[in-house]
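Letters A, B, C, D, E and F name the chains as they come in the text, with residue numbers starting at 1 for each one.
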Amino acid sequence: MYHHVKKLMFEVNVGEADPRFGKMLLEQFGGENGELAAAMQYSVQGMNCEDPARRDLLMDIGTEELSHLEVIGALARMHLKPLRESDEAAMADPLIALVGGGGVGLHNSQGAAWTADYVSVSGQLEVDLRNNMAAEAGAKIVYERLLKYTDDAGSRDALKFLMAREIAHLKAFGRALESMDKGPLEIGDLPADEEYVTPYYNDSTGDGDAGQDSEGPWNTADDVEVVENPAFSGMAVS
Amino acid sequence: MYHHVKKLMFEVNVGEADPRFGKMLLEQFGGENGELAAAMQYSVQGMNCEDPARRDLLMDIGTEELSHLEVIGALARMHLKPLRESDEAAMADPLIALVGGGGVGLHNSQGAAWTADYVSVSGQLEVDLRNNMAAEAGAKIVYERLLKYTDDAGSRDALKFLMAREIAHLKAFGRALESMDKGPLEIGDLPADEEYVTPYYNDSTGDGDAGQDSEGPWNTADDVEVVENPAFSGMAVS
Amino acid sequence: MYHHVKKLMFEVNVGEADPRFGKMLLEQFGGENGELAAAMQYSVQGMNCEDPARRDLLMDIGTEELSHLEVIGALARMHLKPLRESDEAAMADPLIALVGGGGVGLHNSQGAAWTADYVSVSGQLEVDLRNNMAAEAGAKIVYERLLKYTDDAGSRDALKFLMAREIAHLKAFGRALESMDKGPLEIGDLPADEEYVTPYYNDSTGDGDAGQDSEGPWNTADDVEVVENPAFSGMAVS
Amino acid sequence: MYHHVKKLMFEVNVGEADPRFGKMLLEQFGGENGELAAAMQYSVQGMNCEDPARRDLLMDIGTEELSHLEVIGALARMHLKPLRESDEAAMADPLIALVGGGGVGLHNSQGAAWTADYVSVSGQLEVDLRNNMAAEAGAKIVYERLLKYTDDAGSRDALKFLMAREIAHLKAFGRALESMDKGPLEIGDLPADEEYVTPYYNDSTGDGDAGQDSEGPWNTADDVEVVENPAFSGMAVS
Amino acid sequence: MYHHVKKLMFEVNVGEADPRFGKMLLEQFGGENGELAAAMQYSVQGMNCEDPARRDLLMDIGTEELSHLEVIGALARMHLKPLRESDEAAMADPLIALVGGGGVGLHNSQGAAWTADYVSVSGQLEVDLRNNMAAEAGAKIVYERLLKYTDDAGSRDALKFLMAREIAHLKAFGRALESMDKGPLEIGDLPADEEYVTPYYNDSTGDGDAGQDSEGPWNTADDVEVVENPAFSGMAVS
Amino acid sequence: MYHHVKKLMFEVNVGEADPRFGKMLLEQFGGENGELAAAMQYSVQGMNCEDPARRDLLMDIGTEELSHLEVIGALARMHLKPLRESDEAAMADPLIALVGGGGVGLHNSQGAAWTADYVSVSGQLEVDLRNNMAAEAGAKIVYERLLKYTDDAGSRDALKFLMAREIAHLKAFGRALESMDKGPLEIGDLPADEEYVTPYYNDSTGDGDAGQDSEGPWNTADDVEVVENPAFSGMAVS
């Protein structure tokens, strides 16, 4: 059961409103790496989770993300305010101006409606936690990029808070995954056939204006067997 | 530049075709964890990647996933074949029967059209690799689940091959991430403010029919400071 | 700021689980008239609302809908449980079985991903409240229809609770609209040109297997002027 | 059966074409509150309606909206015309320039493709009519907002005509609802349990930078019983 | 300007209603090859068309397709009727049963909402007409497939009428294209560089379980120069 | 089975990068007429095709389109590069800047995610080939339009190559269709009822600001019978 308290998780102050930056902020309101995506992903995973401790973790962070949604929404609203007075700004963002009356909506920064296709809910905890770690990493980098586009001190404070929380969540989900005592390649119950795990198929070859054939631990380690040009040379596996 | 060779990466034989299972297989053809999603995610990441070695890795695996798409498509087609003769089967899957004429289309198992919203391309390698590890874990579990619904030996062989390759890719992406020498919480360039990383907000509390307040390394470790009921008790951070 | 308490707003008991009914219930979890749509519509309207009293109303009900989402999710999960054991049930719902592992996801009853296109946020209170009244009416009728498909006492109790709450919200939104002291045709600030409000264009005419030309207060009232066949007879207005 | 007559329902003249305003106009061509959405919603409701008089009403207005679609399309086309000659204008709207060749397409003002998710067809007349009243209110406010962004006399005339018609339709749908002789809270056939209609859950509390706890007829009327902080205090209903 | 007459373009009689067939019919109501797609594609092309004669053609057929939409809707409704009484049928189609109350909605046969992404409007007449010819061919084959799944005489009559009209339209669009006096390869104004038109790249090679390298007029005609394995052998063109 | 070679099918050089043009180019990367749509349409048609020669054709061209996707992606990336340094450019394209880090993503020029709804796969060769001819015509005109917006010699060379290849494919698909020896109106197996093919319904009539009633070979040829105003005058066919 949910309760809402009428305060923001982080106080938001905006010196000079910038509607173009406000539009950018909508990426973290209704975009693919945004706070609604995170809130929904963790909360619905939590509703499905049968491990009580990790269910608690998912609900804790899922709920926190709802509070983040409120913070980023408040920040975006402050930046979008001048759009109501300026024809120039409104014409640059007709969806916000015409449909939303200058307020925030569940869109990304280009006006695409939020969709649950952004969200991964697998019903398998070690998969969900990896998806969450990836989601937090993705959200962190978007906040980092947003910080390049504003000098406003109050906006920067709020964005830094939200950005840091992504790292806090990345840490928490990482610990939840580690403490499950599953190996890094152990997903689900069925073991993978070693014969098919060993080969590394060199499916992209040559050196040219689209890259170079290269090496790294993924194709040089002892437990890897490189198969060159498998489309042409025949495959050991078939 | 791409080239296609007219053989399947894994030979596909189907004993008894089962159209309902064929429909299930479409989840891995045009679904959110399917082979097209993987092929597109890694290939487009690869096109954007400026680290030549990891670009090579992304193109190798992105290309392999196109070959997987072809395998799963061939397998699904074989299972869907009876649908062309059986009214019963066709009426259960009108989209396949009417629009596709019994063939495979870029849909998931429920007929939803594939969308690039399934794909994550961040332009940040340590984020892309985490997304890829999550994607491989997700695809592995779907193959594992698919194996529960067929006894057909040829189908099982192909699915086991595809499932094992997901683990091979998970391993490869994991090594590519490790060898970047970035810490597990290091995403992008901007450091996260430690003051905001430390707190763990206990935002979901109480014990009841929707779970129990619990402990784990994410809220008991020494470097974590639990804030109880932050909505009510005031927050250290604001 | 949000807080979650680990109890359900309404206790959910299921006697005999019915996976087909579980799938139906997803309509109210992730469907166009469902609880997520309601929660998002009212909460985002609330974030944008500058009338403090109605903002409070919107946040009260928006938050309650999040709690409803949790109730309907729990109910659907209980009904979907046998799907994990039954191949028959799983093959009828491959998306739930394969992608969700038998749990609930943000889809409607046919597997379409939830989209913010279901949600109306206009930034104009008298429009938002009308949209909310329509949304509550729509949700009420879906609950009523759901009740036709189950005899399970515990399920019926929960659905009746949720259904009644839609009426409670319809009442509340209606009062919030009335108390704004705007006329029933008063939307926004610009008056409508009476000359163009008066005509009723009889654009669909004749009697046949697609209906009959009919009368009602909308085309017989004194303040209405019927224009017959405007496409052919010329229009008073142009 | 439909017939088209080669004249516009309202004569459209544009003095000075403004491509940015033309793009805005697309919101009412292919956007969520636009004329296609209205035409489809009422016409499909009409096809399903078994009350002959209201079916006639729905078909009358549904057909009129098709004529409005044509008017707004003609107006948008006139404003978009310079985009074909101006690189600047074209680069600001690449979808219109490249895909549509400067013409109108079934997109909203930001280029999102029209979707039937904008449309509500419930098969329940008292629900459909409420949805239609909300839709008309929404369309009215968008026309009002559009009028802020043009001084062109011919454009303003057409928009005022279209705006006034929304009010005419709001009036008609309202009368159709009233004359059904159902109470304002009577939706469908099943009565709502009074015990669950009475409570008002104060789920959003406190006073802060995200609002104030407030009063209005929705929580002060005699037939309402306020439940404070239901997540914490226990609920009368469960 | 549009007008609606209350008769169907083709009289619809259904002997024995079959809800599963009714669901199939929705493919031609709100599906990718359906009547709404055709109506919208031709009508919006028509609104943009500056060649008066072909504009007339596009509006004639676009309007006819609206009448077809009405016919297929009426037919689908008749077949879906038993779904309102049968729990079995309703549970097989929860979206129709719960959201639509047993009526028709703007979905395809699997419940996916209609989208303007189905529609092509290019602003270039020789492209539009080709798209329309393809669309008519696609609609024809879906009607042909539908006819496999019903023995009901009245349904078959209506479907045969609709199927034949697709051929009539294919013929009309073909004549409109021919009479433009553009060569079969003449699209737009810019000539294509012959040097790049001549080569045929043999990008898919070998003989195996995924096909055979083959010949046809497309790679054997005198004006074609086959380039074998261009990815490997270097290309004449670069 | 697929193989990738690390060179571009056409060498790409950009003199002066223009981020606005880079955004335009995304239309052919992830847009409705773009290279991914072509690659997917032909390749999936090919996987379903049981005519070995035309299957080979479909796979040849489907594979070539993957190489085009790579070329257009490389070109777009070069043009988008300055966006990473310029706040102005980034704020004009927040999705590219924030989510993609300045790289290319599977979006169209307005940021809409690629969807398989752009793709037609019918399982009927004479339909697929017509769709492909229409798709090539559509892609050709978009390349022609793109050429209006750049003077950069290297960009123009690449675009001309890609544009010419669309004509080469149009030619090849046309020949594949002709050589099937089916008449121009022969789609599938069921003949169309001549009685219903003959009429031309004049459904859009009159002369006015929305067009004129006109003639052309589609309604004047000897084998056509014009039915005037069928909605009003009764129809021969029913």
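Note that contacts are C-beta pairs under 8 Å (C-beta built on N, C-alpha and C of every residue); 3 or more make two chains touch, one makes a residue touch a chain.
Worth saying up front: this structure is predicted, and the values here are computed from it rather than measured.
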item	value
Neighbouring chains shared between subunit D and subunit E, ordered by label	C, F
Chain at maximum distance from subunit B, centres defined as averaged CA atoms	D
Between subunit A and its twin subunit F, rotation from the CA superposition, multiple of 5 degrees	120
Separation of subunit A from subunit D, taking each centre as the mean of its C-alpha atoms, in whole Å	32
Chain centre separation in whole Å, for subunit D relative to subunit B (CA means)	38
Multi-partner residues of subunit C (at least 2 other chains)	1-9, 11, 32, 56, 59-60, 62-64, 67, 70, 74, 99, 101, 110-113, 115, 117, 122, 124, 141, 203-204, 210-213, 230-232
Contact graph of the chains (line, ring, star, complete, other)	other
Each pair of chains that touches, named by its two labels	A-B, A-C, A-D, A-F, B-C, B-E, B-F, C-D, C-E, D-E, D-F, E-F
Residues on subunit A engaged by subunit D in the complex (per definition of touch)	1-8, 11-12, 70, 74, 87, 90-91, 94-95, 97-99, 101, 110-113
Partner subunit F, residues of subunit A touching it in the complex	20-21, 23-24, 27, 31-33, 108-112, 141-142, 145-146, 148-149, 203-213, 229-232
Of all residues in subunit B, those that touch subunit A in their complex	1, 3-5, 7-11, 32, 46, 52-57, 59-64, 67, 115, 117-118, 120, 122, 124, 126-127, 130-131, 133-134, 137-138, 140-141, 144, 147, 160-161, 163-168, 170-176, 178-179, 184-185, 187-190, 192-204, 210-219, 221, 230-232, 235, 237-238
Residues on subunit C engaged by subunit A in the complex (per definition of touch)	1-9, 30, 36, 40, 44, 47-48, 56, 59-60, 62-64, 66-67, 70, 73-74, 77, 99-107, 113-117, 119, 121-124
